[in-house]
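Two complexes follow with subunit A in common, the first pairing it with subunit B and the second with subunit C.
Entry: the complex of A and B
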């Protein structure tokens, strides 16, 4: 197995791992992260070529992580009880973020890499939240239950 | 699962469902439905007094259908609330 070290300000390990596996099927083995000061390790199979290493390094450089979190997973279905979503895109030149809320694209305004959305529901339902165009950015998916 | 409708205003996202929307619409439309507020005896008396020809029978059937729709939607809403 071969190790490629890359310094990144922030990393979403699952998203980077998925992006590597998509571009280098059978050759990308995984990603290890340590404390923020230490470069991450990208593990490649011995069959990886220098071109594969360059592709992996390029993907890591383009990695633009997005993290989703919610303060609650359950809200009352009364149209006013709200769950607050926090969206974090810590890369200094992060691309715009659009979430998919119940399948609808909802742009998020980021200030210093952080944005918030509140979600209310007038009816009992399960609300799925994910990132639109999530490749190499996020694998986070949230579910809010309105009951 | 009922179709979801998403409305975005500023940074607030509001969700409704097709079932909920239909229920609210029916409740609004049925606000003056006499069958919704009468007791059984009163409803039967109302029917006797009002269903005197085909047109009034049609009207009463429509009121009854509205009432059933609201009750069914209420029941589905309660069932999904206790899922």
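Entry: the complex of A and C
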């Protein structure tokens, strides 16, 4: 096992892990985090080459995490009851964030890396929320039930 | 205070103060305070891993080095972790449960989001000298989290790791 230490402002471990495994199949073993002030560990198989380590370091540098959370998972299907989604993109130069809300692209305005979105529904349904173009950014998926 | 192999006394042997101090006093003192170490790690953040092979939870702060005279160490750890975590102890460069790909044990209750993991191990067959013991883990799938004093309510748990020479 080889360890690559990288300092990052913020990490979405699952998203970075997925990005590493996509680019370095069979060589990326995982990611460990310790505390915000300490470099993360990227774990690579012993077969990883210096080029593989460079690829992993590049992916880590490009990592632009997005975190999704909701204040509730159920809303009344009355067109007014709302769930509030919080979107956090903590990287200082984070790219714009667009969510997929029930399959529809919804841009989110970020202020200091944080944005919010209200979800309402007039009909009973299940509303899936994820990040558009989520590679190396997020694996978060939320589900809001309108009942 | 180091351990001295007790002398074999012979009939008529004159026992000196030095003999008693070395073989009786010093050895009793040694037995009363054998090499030991206790870690209660307040990391002010949780540990996470997505690694599907065993890696150190924290190779700096959840690591014990004991210099022992005998060959037996009692070690234990207690953590709270998400239900997709598996644990083992690395002794120098060999996992304690290296006979199994999945190590010692997993988080106890896979039906809940998190659970306690606790184990006590009697480690035998060690040589005299310095040995290093590290808590290791891996994720079954996804991101495993070990709670370590993040300050977040209901998950502000402190992991512990301790070891003592016992023989």
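Heads up, the rule we're going with is that the second predicted complex is superposed on the first by the 147 of 147 C-alpha atoms of A that agree within 3 Å, B and C clash if a C-alpha of one lies under 4 Å from a C-alpha of the other, contacts with A are read in each partner's own complex, and residues count from 1 in each chain.
Going forward, a contact is a pair of C-beta atoms (placed from the backbone, for glycine too) under 8 Å apart; a residue touches a chain by one contact, two chains touch by 3 or more.
Given the structure is predicted, the values throughout are model-derived calculations rather than measurements.
Engineer: For A:13, select first, second, both or neither according to whether it touches subunit B, subunit C, the two together, or no partner.
Structural biologist: second
Engineer: Considering only the touch criterion stated at the top, classify A:117 as touching first (subunit B), second (subunit C), both, or neither.
Structural biologist: first
Engineer: When the two structures are overlaid on chain A, which partner does A:43 contact: first (subunit B), second (subunit C), both, or neither?
Structural biologist: After superposition on chain A, A:43 lies in contact with subunit C alone.
Engineer: With both complexes superposed on chain A, which partner does A:31 reach: first (subunit B), second (subunit C), both or neither?
Structural biologist: Second partner only.
Engineer: Quick check on the superposed pair: does A:95 touch subunit B, subunit C, both, or neither? Answer first, second, both or neither.
Structural biologist: neither
Engineer: Just subunit B (first), just subunit C (second), both, or neither: which does A:1 touch?
Structural biologist: Second partner only.
Engineer: More residues of subunit A in touch with subunit C or with subunit B?
Structural biologist: For subunit A, the partner with the higher number of touched residues is B.
Engineer: Touching subunit B and also subunit C: which subunit A residues?
Structural biologist: Correct list for subunit A: none, the interfaces share no residue.
Engineer: Touching subunit B in the complex: which residues of subunit A?
Structural biologist: Residues 77, 79, 82, 101-104, 106, 108-109, 115-127, 146-147 of subunit A touch subunit B in their complex.
Engineer: Touching subunit A in the complex: which residues of subunit C?
Structural biologist: Per the touch definition, subunit C meets subunit A at residues 43-45, 47-53, 55-58, 138-139, 142-143.
Engineer: Where on subunit A is subunit C touching in the complex?
Structural biologist: Per the stated touch rule, the residues are 1, 3, 13-14, 16-17, 29-36, 41, 43.
Engineer: What residues of subunit B sit close enough to touch subunit A in their complex?
Structural biologist: Subunit B residues touching subunit A: 1-2, 4, 6, 8, 11-17, 19-20, 77, 80-81, 83.
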